[in-house]
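Have a look at the structure that comes next, please.
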Amino acid sequence: MPKNKIEAFQETRDEQNQLVMKYAGKDLKRFYNLDWQIYRDGALPGRVKELIGLVSSLVLRCDDCILHHLTQCFEAGISDEELEEALAIGVIVGGSITIPHLRKAFQAWEELKKAKSPNKKEDS
Amino acid sequence: MPKNKIEAFQETRDEQNQLVMKYAGKDLKRFYNLDWQIYRDGALPGRVKELIGLVSSLVLRCDDCILHHLTQCFEAGISDEELEEALAIGVIVGGSITIPHLRKAFQAWEELKKAKSPNKKEDS
Amino acid sequence: MPKNKIEAFQETRDEQNQLVMKYAGKDLKRFYNLDWQIYRDGALPGRVKELIGLVSSLVLRCDDCILHHLTQCFEAGISDEELEEALAIGVIVGGSITIPHLRKAFQAWEELKKAKSPNKKEDS
Amino acid sequence: MPKNKIEAFQETRDEQNQLVMKYAGKDLKRFYNLDWQIYRDGALPGRVKELIGLVSSLVLRCDDCILHHLTQCFEAGISDEELEEALAIGVIVGGSITIPHLRKAFQAWEELKKAKSPNKKEDS
Amino acid sequence: MPKNKIEAFQETRDEQNQLVMKYAGKDLKRFYNLDWQIYRDGALPGRVKELIGLVSSLVLRCDDCILHHLTQCFEAGISDEELEEALAIGVIVGGSITIPHLRKAFQAWEELKKAKSPNKKEDS
Amino acid sequence: MPKNKIEAFQETRDEQNQLVMKYAGKDLKRFYNLDWQIYRDGALPGRVKELIGLVSSLVLRCDDCILHHLTQCFEAGISDEELEEALAIGVIVGGSITIPHLRKAFQAWEELKKAKSPNKKEDS
């Protein structure tokens, strides 16, 4: 079964991160660690933190970061409506310059939903 | 009783917004309107939307926008811990370049809390 | 006849926009609508507005946005000299970090001109 | 007669630029020179170039740059309507994060108009 | 003896950082710590790291960050010529939008030099 | 022998730059020229300037610019440790949003090292 685009992205990212770790000194390793810690459940639930990470990535216009947080939002059970409202804030705050990233975000979301559905059919 | 810094900011902003509206055409007015609508309660509660707006403003490094969303967060009853966790995400995503804005954010938060407290005492 | 790169971009964009509209709530739809309205002829002619949109996209470094406005500029009859002067402003304002986008902009412009020319020949 | 805010800004800028020139090497001096040249009349009239510079400054959110180009636009006879349409493009492209700068832009425009008018009166 | 602008900036920053630490959780504290560690002497000397931090701050256009690294560069014995060459790279990479920050950087550098000189005289 | 990714990038860039020069007016040509001049040996050695250019490109998140300066750093004999310390500064200053670019930077560095090594073996 062929990998979809999101799985391919994750595989490449994992390989590249291993290479980063080969070179990384103590400071960079600690930053990587911090970057994982901050999205855990705390006073704010992890799902809200992932939404915050997602919209931050949209307004800063980083496709890879959007894709990562989108996957986490999907795993955390964010609904279509919650996703749309969060992304709409990002578009209004960040302007039309974010729209190319919005387009890819919804495309990836659609793919995440299809990949999970047992009876998925045609796929462009 | 003298106005504090946040009240002074809000007064200036209101005056300037009236001036914008004097010049604004239909498109700009509609954008202003949209900018108000997107933070209403919906599938996501308004308080989560304000946190998203706040962190977006932090990573994009806009002090006035931070101050606005901080006030809304305060009104919405966001706790110190929730605020800190949200801002920490912004700092990790956006880097040390956001720290001068983080400093002003906590200073304004402190001021908001003192302004509300009935027995507030010394104030730097 | 195979599609050129710009036609392929437009087709993908149209498909993705349909997907966005499938998810979009009222606010996002209104923003999309606004984004179309602001480039119409008004006190400023549409061709000047497209140039403004183009250079804004260059300094914000968004290839898809550049490609969109470039196509609109081409349709509006912007000359090579007008284009070059506008892009030069973007490069001076935005710095050498914009140059990779400048390169793609001129490449797309060249393609737009070749696609229109009736006797176009070899094309890399 | 006291200086207004725009005159004060220009005076400070001129003093600081003299200091920059005291330190500047050949490359920096040439960049400063280029920065002046690109807004001259050419295939595009200078007034259009100033509008492009203005909106670029708005989407990149630089108050000093906005103030400079605004003054040039005023000198070039840009009308209220032309200004509003150009700034509206910047707001839609750059999002609500540009609004604090939009506010200051219209305030400065109002000041430029009052400074020119012979019978100007006081206005908060 | 009145404090100069840089000393005033440092005092405010220290006060605000204490307030940040009052609210900061473990993650934010660790980030603050990391932010101090990365400029130490290592394979690259601290003075080169401060220059890198300075130019990064210039292209990202953060006055407070520029002021901090400028002070560190001054303490590390960076010469006028080294400073000018580093800042010139920032201006070419980041464009004319960085110039307002360049102006303030040289003004602060001048102040740092005057504050150190034993026979300093008039000061604007 | 097939070209590696970096050689392919350089070839494309050279072709596109020739196209830019076909359209470029005097100002744009002078900017291109300036962009070459500023990395020469001066008060600061060229290798330090390339590191500054590299980290500026990382915090501004431009993959093509990173790739260019990375190649120059490699030619200038920058060590793995020097590279890692410089990039770590960029990541702390610019935040986790820079990490996708960091990943590509180390991947390109690895490729540069393999391309030079006479007995290079397996290659993912």
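Think of it as A, B, C, D, E and F in the order they're written, each chain with its own count starting at 1.
Assume contacts are C-beta pairs under 8 Å (C-beta built on N, C-alpha and C of every residue); 3 or more make two chains touch, one makes a residue touch a chain.
Please read all numbers here as calculations on a predicted model, not as lab measurements.
Visitor: Give me the set of chains touching chain B intersected with the set touching chain D.
Guide: Touching chain B as well as chain D, we find A, C, E, F.
Visitor: Would you kindly state whether over half or under half of the residue numbers at the chain B/chain E interface are used by both copies, giving same or different?
Guide: different
Visitor: Please tell me whether A-D or A-B has the greater number of C-beta pairs in contact.
Guide: When A-B is set beside A-D, the one with more contacts is A-B.
Visitor: Report the inter-chain centroid distance for chain A and chain F in whole angstrom, where each centroid is the mean of the CA atoms.
Guide: A distance of 27 Å separates the two centres.
Visitor: Once you find the CA centre of chain C and the CA centre of chain E, what distance in Å lies between them?
Guide: Using C-alpha averages as centres, the distance is 39 Å.
Visitor: Take the average of all CA coordinates in chain A, do the same for chain E, and state the distance between these two points in whole angstrom.
Guide: Comparing mean C-alpha positions, chain E is 34 Å from chain A.
Visitor: Identify all positions of chain C at which a residue touches two or more other chains, and write them in rising order.
Guide: 25, 27, 31, 34-35, 38, 42, 56-57, 59-60, 65, 81, 84-85, 88, 91-94, 96-97
Visitor: Quick one: label the inter-chain contact graph as line, ring, star, complete or other.
Guide: It is complete, because no pair of chains fails to touch.
Visitor: Per the contact definition, I'd like the list of chain A residues that touch chain B in the complex.
Guide: My answer: residues 34-35, 38-39, 42-44, 48-49, 51-53, 55-57, 59-60, 65, 79, 81-82, 84-86, 88-90, 92-94.
Visitor: Can you tell me which positions in chain F touch chain B when the two form their complex?
Guide: Listed in rising order, the residues of chain F that touch chain B are 59, 91-98.
Visitor: Applying the document's contact rule, which stretches of chain D touch chain E when the two form their complex?
Guide: Answer in residue numbers: 13, 15-17, 19-20, 22-25, 27-28, 31, 35, 56-57, 60, 62, 64-65.
Visitor: Applying the document's contact rule, which stretches of chain D touch chain B when the two form their complex?
Guide: So the residues of chain D in touch with chain B come to 61, 80-81, 83-85, 87-88, 91-92, 96-97, 99-100, 102-104, 106-107, 109-110, 124.
Visitor: Mind pulling up the chain E residues that touch chain A in the complex?
Guide: 25, 27, 30-31, 34, 37-38, 42
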